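My structure is below; once you've seen it, I'll send some questions.
Note that the chains take the letters A, B and C in the order they are written out, and that residue 1 is the start of every chain.
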Amino acid sequence: MILTGLDIDSKVKTKEIIISPYHEEQVNPNSYNFRLGAMIKVYNSFPLDPKVMNSVEEIIIPEEGYVLQPNRLYLASTEEVMGSNFYAPTFAARSSIARLGLFINLSADLGDIGYIGQWTLQLFTIHPLRIYRGMRIGQIMWWKPQGDIKLYNGKYQGSNGPQQTQIYKDFEKGASKVVFNI
Amino acid sequence: MILTGLDIDSKVKTKEIIISPYHEEQVNPNSYNFRLGAMIKVYNSFPLDPKVMNSVEEIIIPEEGYVLQPNRLYLASTEEVMGSNFYAPTFAARSSIARLGLFINLSADLGDIGYIGQWTLQLFTIHPLRIYRGMRIGQIMWWKPQGDIKLYNGKYQGSNGPQQTQIYKDFEKGASKVVFNI
Amino acid sequence: MILTGLDIDSKVKTKEIIISPYHEEQVNPNSYNFRLGAMIKVYNSFPLDPKVMNSVEEIIIPEEGYVLQPNRLYLASTEEVMGSNFYAPTFAARSSIARLGLFINLSADLGDIGYIGQWTLQLFTIHPLRIYRGMRIGQIMWWKPQGDIKLYNGKYQGSNGPQQTQIYKDFEKGASKVVFNI
């Protein structure tokens, strides 16, 4: 079952769901609209390789906005800290954002029960597009789980701002020893 | 819970779910295959900016089909009017369509309980690809909600054909006054 | 309801869910991490047309990996055979993969109850990116259905390796006679 907006609101009040900062006017019929944080990271050396730590540069979105260019990946993050130990989250672009030609994730819409932090977004635009910090860019949904819960305890826990991939740690450790490997 | 195809069929008959026109042979094990409408819209001035109304041009897909080009966003719509006051919808490309290199939404797969209308699709192709009006292009799924329902009452309600973004209205009104802001 | 990782593990043991090969360490809080198979297919004649069989070339990913290039679609597959006659699947890229600029499906994240086979992935990268066979690339989720079940019996059943689109069969048969048309 997907939580309705009124149910999300009630679970935020009982702290079963964390959304901070939280504004009731950002509640939708079955999701919550989150905002874009101020920092962006871009990779600056190619080809990218999952086996190594790929270097990044940081950009702060200025007050007047920042124009994203096609054919580039921009790692951004939500302004909000979000998560739950009781419900599983997924997220999507607002349709108003997608209608401008912008992806906010790359076929990667799933979160984990127990992750609490800012969420890294993958911005990818088809046409040049101006974005603004604090704009309502995406929607988080919450789903009731079936079964016993083992909480997320992975490498991105408690993230602050956009996080580049840490997949190279999988290869360092050897895949067979990794328990939670999001 | 996700509704099975047989359950979608039964809810269409009781009018708890609206799909119009509706054909039983488009029912899948846990979704319904919808069709591509005849009209396409493309933006014609860049960079796009969420704060202003971005102008568009209209294209009607001819009988012999229309070749989509890479690196462009095409706004299209479903042929069907679809929605429900009881179940939450999400939608996806048919895998047969994605295997041709075509996206039908840009990380924006969520609808709202209470929206009833044609659905705007965001078409984006990797390679030149011919499309046809009326082709079965995507799949809608329906999810049982948990909690009290406040129906969608937003700016795209009852849409007819593809709708460009109306996100500039958020900025006009000031974000803090917007209640439903999909 | 979405199955938790512990519930996926229990359903794999009762064979209500098939994941083969299966490794407990690839279980996440509410999904299972699957691996990339060794074969890739690419189309080699354009524009693509859903009404005809579009020809492909095969690539085997060598031991040292293979560098995907932007602006191309690569059809790949999971290493695992996966499916269920009892739960509906969806799948996503691992966030660690998406943070490298790689899509693993093109807005097509839904599977069908009753499909059992390897899953075709649509790989699309923003920047040149090295990939490795056997790398944990995506996540499958399982959802409890509501309603009577009619199992998938479509044209991709039991797939082995990446499968190009078979949508041209829709046009041959005439759309109105197709019952299951994923």
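Here, a residue touches a chain if its C-beta (ideal position, glycine included) is under 8 Å from a C-beta of that chain, and two chains touch if they have at least 3 such contacts.
On a predicted model such as this, the values are computed, not experimentally measured, just so you know.
Think of each touching pair as a link: the shortest run of links from chain B to chain C has 1 of them. At the interface between chain A and chain B, under half of the residue numbers appear on both sides, which makes the contact a different-residue one.
Rounded to whole angstrom units, the spacing between the C-alpha centres of chain A and chain B is 23. Counting partner chains per residue, chain A shows two or more touched chains at residues 1, 105-107, 109, 144. Chain A contributes residues 1, 43, 46-51, 54, 71-73, 75, 88, 105-110, 112-114, 120, 122, 124, 143-152, 156, 163-167, 170, 175-182 to its touches with chain C in the complex.
Put simply, chain A touches chain B in their complex at residues 1-8, 10, 23, 25-26, 28-31, 33, 65, 67, 70, 92-107, 109, 126-132, 135-136, 139, 141, 144.
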